[in-house]
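These are the structures, in structure tokens.
Heads up, the next two complexes both have chain A, just with different partners, chain B and then chain C.
Showing the complex of A and B:
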């Protein structure tokens, strides 16, 4: 269970913003926390999965996709801000993500 | 027995792209054929960026990167010539799929296995003169492909033992659990869910609660998603096709007629679900919680019974071992516990 520092928070945000800017071919400046991943960026769940792989590798996370899938069904992500928050929760709680709700 | 090495995936919808992206993690040579309307330049750019990012992030090594660079993204069916497994994921229109397979029959190696990701059309319905039913099968993946560890493998009566073994070996290689179904019992998981959808609809239709109340009750007591939310997310036009295909095989088809009529009515009004912002619900949905109906407990118990009896009936009909049925149903409904646990 990792403590989320300001530096991790900023790093995650930067990776997510850069990822969507590159993948969706938009300027980073056009993305903010309220940007809709589907409606504004034409993004999809595959992008979400790729980001998880990147964070898994970067932070050496022990997290199964199934756990994230279950969490995402209960807490759907539609905006970039929500996605950053969920990535931070994944880094913080890893496979114990579902325990947040208990 | 030959082993699958070159796979062709047809269709760039969410299932086609999901299957393509999932298979990228396994050592196959992939060819992804998109429709003439698809922006393959954009898809190719995205794919190149993705494998570059994966290399940079250390997710794949240089050798894997070099092999992924051999992946073909195309609009031409001719590029499937060397494939020994075809997985089609084009729209749910029998004629379209039949014509596709007929065309492929002239292009692809005669030993290749043709499979369909259809969620409602049996593989033998896709055979036409010139096609060999022995090498046809259903491979029904579920969305999202990366997360749902279950595939329905539908076999025709004519399937050869070798084809069956080759496909089973392929599914084990890609680490997907599967249930094998004959064509009379195909699409078992969707059929279990259809019974629930129908029961939920009949309860709403009889005035016991609203669609919103029903979805709230289901999410609180039964499954992680609402029944009508689910229909809207699939798309009511797709739902209608599927339900009509399933129920056409049923002796008690009229049991579903009110639900089918309601789906037809919504589709004719252009209410296709989330993609048109209107379906059973209007979108974006109000986030406020509505009060439960007075007979909430009875409704939940009724639906739970319908779920259990439908799961039991279809599992018995399809002769699926209990453990496999539990796993399949858990994956499908995203549950922690199967109906027989």
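Showing the complex of A and C:
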């Protein structure tokens, strides 16, 4: 469980933007927080999973995928901005992600 | 294993040829059309009407299988022409037939006959009951088995693509119910694979036995290029074992994740997906190891014509 600093926030944003720019072969400048992952970038769930794995390794996170899945059902992610926010919540709360709603 | 550390991977089947990866491969269209016409003459005249930008028979499961097979055979032939010689082959699911053609265990025409016979034998054995397959990401094998057991679903795990990526087969109603339960349980993604035959499941055992009888006259040899079984991760080292694999592949669960790891243990460093999709290359991101997994559009070719 990590406190989200400005530095972490910027780092997560940079990783997410760079990841989608490379995976989806678009200029990073074309991506903003309102970019639709599916409609604008043709992204898919495997990319989402790969990003989770990147952050799990980078921040040594203790989180089960199904916890993220349950959270995502209640809080669907469609844009890059929402995805960055979710990754920050995952880093902050790890396996206690669902407790945010309680 | 020879020193080139290269494996050809033959995918199952797809009907999506949008921006297909071999479109810039020198000589591909010539070779593909040659094989297409051979297939049309041998097994199904309608195949001659296939067009990458038009009629791809998207709703026809059998023709979709023929076409992916033809595509894969054309691609691997050209890769070899370009001196890319695999030290190992693997056929993912119904990709087994193209893998065995490339390994020279069966002829191109025998592969077509196997596809047709398997399809009709299996369809007949299912007695018009409604079956399907699905894929899901994010749950463990234990989570999936628990869901199946709790609701007494007629569903089986029939493939594992990565640590948290699975394929299931079974009765269509139960597959659909399972997908809803899996999403509620925390699956990150579920997908109906839109097929009518529950490949690699025990529901196909009777049909597979009929298939075995039907194909007994067909000539099947030993793969000249080592070809891995996705069932037990062993090599097919004799005609008998190859024939047995062809039959068991229909009704026995496979494990792609373990097969990838086995090939990596065998020092494979580069994989080439010899087919129209890029799905296995995407999936390879979730397999640990120092290797390159390429699709056909990523291979630099000198201009070599068949």
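Note that the second predicted complex is superposed on the first by the 102 of 102 C-alpha atoms of A that agree within 3 Å, B and C clash if a C-alpha of one lies under 4 Å from a C-alpha of the other, contacts with A are read in each partner's own complex, and residues count from 1 in each chain.
To be clear about the criterion, contacts are C-beta pairs under 8 Å (C-beta built on N, C-alpha and C of every residue); 3 or more make two chains touch, one makes a residue touch a chain.
Owing to the predicted nature of the structure, the values given are computational and were not obtained by experimental measurement.
Chemist: In the superposed model built on chain A, check whether chain B and chain C fit or clash.
Modeler: Aligned through their shared chain, the two binders clash on chain A.
Chemist: Touch check for A:66: first (chain B), second (chain C), both, or neither?
Modeler: both
Chemist: With the two complexes superposed on chain A, say which partner A:74 touches: chain B (first), chain C (second), both, or neither.
Modeler: first
Chemist: Is A:46 contacted by the first partner chain B, the second partner chain C, both or neither?
Modeler: In the superposed model, A:46 contacts both chain B and chain C.
Chemist: After superposition on the shared chain, which partner residues are touched by A:57: those of chain B (first), chain C (second), both, or neither?
Modeler: So A:57 only meets chain B here.
Chemist: Is chain A touched at more residues by chain B or by chain C?
Modeler: Partner with more touched residues of chain A: B.
Chemist: After the superposition on A, what does A:14 contact: first (chain B), second (chain C), both or neither?
Modeler: neither
Chemist: Out of 8-16, 26-34, 44-52 or 80-88, where does chain C run into chain B after the fit?
Modeler: Clashes occur only in 8-16.
Chemist: Kindly list the residues of chain A that each of chain B and chain C touches, one partner per complex.
Modeler: Comparing the two interfaces on chain A, one with chain B and one with chain C, the shared residues are 44-46, 49-50, 53, 65-66, 68-70, 73.
Chemist: For the complex, which residues does chain A have touching chain C?
Modeler: So the residues of chain A in touch with chain C come to 44-46, 48-50, 53, 64-70, 72-73.
Chemist: Which stretch or stretches of chain B touch chain A in the complex?
Modeler: So the residues of chain B touching chain A come out as 14, 17-18, 21, 42, 46, 49-50, 53-54, 57-59, 144, 146-147, 149, 224-225, 334.
Chemist: Mind listing the chain A positions that touch chain B in their complex?
Modeler: For chain A paired with chain B, touching residues are 19, 22-23, 25, 44-46, 49-50, 53-54, 57-58, 65-66, 68-70, 73-74.
Chemist: Within the complex, which stretch of chain C touches chain A?
Modeler: That would be residues 137-140, 143, 164, 183-189, 282-283, 285-286 of chain C.
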